[in-house]
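Same chain, two partners: subunit A is paired with subunit B first, then with subunit C.
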Partner chain A sequence: MPIIFEQVTHIYGAGTPFEKEALSAVSFAIPDEAFVGIIGQTGSGKSTLVQHLNGLLKPTRGRIQVGDWQIEPSSRLPAEFRSNVGLVFQYPEHQLFEETVAKDVAFGPRNLGLSEEAALLRAKEALETVGLSYDELKDRSPFHLSGGQMRRVALAGVLAMQSKVLVLDEPTAGLDPAGRKEILEAIYRIHRERKLTTFLVTHSMEEASRYADFLLVMAEGKVVLQGTPAEVFAEEELLRHHALAVPQTVELIQQINASLPGEQQIPVTLFREEELQDYLLHRLRQTRAVIIPE
Partner chain B sequence: MESAPLIQFENVSFYYTDEFGEKLPVLQNLNLTIAEGEFVTIIGHNGSGKSTLAKLMNALLLPAEGEVRVGPWKTGATQEVWKIRQMVGLVFQNPDNQIVGSTVEDDVAFGLENIGVPPAEMRERIDAALKAVGMAAYAQRQPHKLSGGQKQRTAIAGIIAMRPRVLILDEATAMLDPQGRKEIMELVRRLNREAGITVINISHFPEEAVDADRVVVMRQGKIFMQGTPRNVFADVTRLQETGLDVPLAVRIQHYLSANGVPIPPLLHQKELVEELCRLFLNR
Partner chain C sequence: MNLLQNFPIGQYVPGHSFIHRLDPRCKLLYVLIFAVLVFMANDGLSYAILALFTLLIMKGSSISYRYILRGLKPVWFLLALTFLLHVLMTKGGTVYLAWGWLTVEAEGVRQAVFISVRLALLALFSSLLTLTTSPLELADGLERLLHPLSRVGVPVHEIALMLTIALRFIPTLLDETDKIIKAQASRGIDFETGGLWKRLRNLVAIVVPLFVSAFRRAEELALAMEARGYRGGEGRTKLRQLRFTWRDLLAFGIALILFAVIGWVRR
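Take a look at the complex of A and B:
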């Protein structure tokens, strides 16, 4: 679903002493089936922005278009709109509420009108996608789980809805390294197979650069930079100005380059770890062909 | 740096009881000693028992079998639970479970009132703690209306203001941006070095473990490995097999070495940069 923000401003508590403008005239246009990464410092407005995508927050000023729906300050959104956009909250506890894990994950599909059986089937599938065993956990309370397990259940609940737009607010915080990778790979696969439009809020430049076609960089309620990962990471100075870092791979390349002569510099576009590793190996084989066996 | 044990687990087992009264075994026969002044990082897969271990350290949970000793007390056999909690400050994995005040500064004040800090001193401690975590400008704000990372900073301020002898951080920086995480880790390292506070940092970021005195690796309720970061992270394959990871520099060294490049085991990114430059420049 194509998504357009036009001059969107959001003010929390307008007219109160604690009035806070969390989004300031944000504009961007996202084509259908894009994978969008959103990065930015703590408090820059990422969660505020993504909560506009499913109508949980409405703009104070400006206009949003999600597919054929228009969201304006006074819009009322039909229930079917929400089922089109699945949002995973930053803190999973904010979205878990049922007595058991199975009921919790099946809630969305059941609400969409699926039969009990079909809803449970979807729950089972979704739990497996996030690396949890349905049989082991189905009757457990979602609140009596470890932090990472709760996160996985919350993710499963949204995946089970099979919505066309997927919005993930720091979905990998609290996941162990293998879980991070497996779950993001699974989401990426689903994104492509089902032709979704996906938003990923993340503090990890590695995740952002690996999965996103397009990045939005936020600072103090504004989108200060947008473009492909390569375009964004090329703006190192601007990123630094907003206290954001380039991916660790890029930082490593720069540190190596600092000691290498001009003609031996490593290109900073190798921000994918596998590409960097292959490049290093290849270069070392060339430089020291005699020593390193192929 | 090494000194008398401050926290000691002896053959500790722990079970949660589920809704149907069935026992869910979590920790099994666990032994662990933490010395005063140590900086220990705990890593482990989701559900391996890290948060449970943390809660046993400040008597929020009590062992089913075995003993947990904290300073002079056995957590399962003492009335002095409040003294234990005063000595061992735990920053929860989810700040919502910890924040109680109606403003950010009230929240920090609440903990101080509980441990009987005189009002005159409270002001100073609150200001210092909020400043240390970069939340001074938010002192009057309502904590539930903060961003995810701002809540985590507030939760950290609440505990460091109490100046515990042991500071446990349960994934306390998971929602911070890389720069913010670096700043908080520097703060914690300073508290460890300068104020001698014992630190136990639970984290999924291997990078956060490289400067620790010791890394403890949990797996299915047991201690799977422990040692200096250099030794623990040298075992790349074993860690990755259990779903864990090593720092980027170690991954690259491991890959190159496995492909025949003569590059010695290392830990810090700085070392990798030196080694690669040496190889490239044929020195």
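Take a look at the complex of A and C:
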């Protein structure tokens, strides 16, 4: 679903001493089926932004378009609107509540009006998507799982709703590196398979560069930079100004480039780990052929 | 959607006004003094003086009137009810209106106005206490004021600590509730439609995670306190010592004058 923000401003606690402008005149347009990375420091307005996507928050000023839906300050949204956008909050395991894993994951689909059977089928599918065994876990209490498993069950709970837009607010916070990668790979796979429009909020430039094909960089409630990863990483100075860094791959390329002559420079567009790896191996083989003829 | 926006019951607003800088003990005692004064007052003039005094304090707290009045939202219903009951039930004096056995009489109107003004003033004054005093100061002040009771076996320190923790966690739990409601709303819960049973069932999806997180927080807090050497109130020293200053002296002076004035003008 294409998503458009036009001059969206959001003010918390308007008219109280705690008034705070969390978003100021944010505008962008996301094409259908894009994978969008939202990067920014804590308190830059990322979470506020994503809560506008499924109508949990309405703009104080401005206009939002999600597919065919319009959200304006005075809009009243029908309940079915929310099923368009699956939103996974930070630490989603804090929302688990059912007696069994199967029931908890099937909660969303049941709310959509599916039959018990159909809902459980969706739960099974969603659990397997995130790499958990339905038969093993279905009757266990979600509160007796490990942290990483709880996170995946919660994620499955949103995936089971099969919405066309998926929004993830720091889905990997507090996980170990292996767990991070697994969850992100699972998300990326669903994104491709179901042709979703996906938003990934993250602190990590590495995560963003790896999966996103469009980046929004936020600071102090504004989108300070947007574009393809290559375009964004080219603005290194601006990123540094907002206390953000380019991904380590880009940094590595820059460091190598500093000692290479002009015609042998490595293109900075190779910020994906595998691509850079292939390229460097290829170059190494070539050079070896020149330097070590034997 | 944000619960905190609709829940400003006496939430502390940081500041440096005269009222903010009074000793919390002074402010706590002042609420008691004011309550006595409000019950002493019994005619228009004495109420006017007390209302004026409250207005002065509101001004002195440098918090916007609108915000203070918003905090009274939960009391409006009580005020309206009190007013209505007194208007209809208290008899005596000229009869203004009558429908069957329901009558509005002069004495009733008088009582209704006075009693609701009394309630409103008390609610305003005590909300000013919590608006200008941080929960920590409040509990500190209370602990010091109640200290003499610990001689007769009242666990004053524990009560004060419980109070501090409870006050400290109100906004945190509200925040948490807000988050959980949003998360479950994103999973398609519909709070607005459906029968009573369905709505109650929906509530489970909020209450269970809230309890789980409250227990988790309690455990973490206990652990953090022990890790920092907390062993109860015995021999515990304080970072911030409470000290009466000229401000508090001035405040008590004003209280004495108020007593004299109200005592003199009341009928």
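Some notes on this structure:
Following the convention adopted for this analysis, the second predicted complex is superposed on the first by the 268 of 294 C-alpha atoms of A that agree within 3 Å, B and C clash if a C-alpha of one lies under 4 Å from a C-alpha of the other, contacts with A are read in each partner's own complex, and residues count from 1 in each chain.
The working rule: a contact is a pair of C-beta atoms (placed from the backbone, for glycine too) under 8 Å apart; a residue touches a chain by one contact, two chains touch by 3 or more.
In this text, all values refer to a predicted model and were calculated from it rather than measured experimentally.
Judged by the touch definition given at the top, the superposed model places A:L96 against subunit C, while subunit B stays out of reach. Looking at the shared chain after the overlay, A:V153 reaches neither subunit B nor subunit C.
Contact with subunit C, but none with subunit B, is seen for A:L56 once the two complexes are overlaid on the shared chain. Which of subunit B and subunit C touches more residues of subunit A: that partner is B. In the overlay built on the shared chain, the residue A:L281 is in contact with subunit B alone; subunit C does not reach it. By the document's definition of touching, both partners, subunit B and subunit C, reach A:Y12. When the two complexes are overlaid on their common chain A, residue A:L270 makes contact with neither subunit B nor subunit C. Judged by the touch definition given at the top, the superposed model places A:Q255 against subunit B, while subunit C stays out of reach.
Touching of subunit A by both subunit B and subunit C, each in its own complex, is seen for residues 12-13, 18. By the touch rule above, subunit B contacts subunit A in their complex via residues 16, 18-20, 44-47, 51, 93-94, 96, 141-142, 145-150, 153, 171, 174-181, 204, 206, 240, 243-245, 248-249, 251-252, 255-256, 259-262, 269-270, 272-273, 276-277, 279-282. Those residues of subunit A that touch subunit B in the complex are listed here as 12-13, 18, 40-43, 47, 90-91, 93, 139-141, 144-149, 152, 170, 173-180, 203, 205, 243-245, 248-249, 251-252, 255-256, 259-260, 264, 273, 276-277, 280-281, 283-284, 287-288, 291-293.
Residues 12-13, 15-18, 51, 54, 56-57, 79, 82-83, 85-87, 89, 92, 94-97, 107-108, 111-112, 143, 157-158, 161 of subunit A touch subunit C in their complex. By the touch rule above, subunit C contacts subunit A in their complex via residues 1-2, 4-5, 8, 13, 63-64, 66-67, 70, 176, 179-180, 182-190, 192-193, 204-205, 208-209, 212-213.
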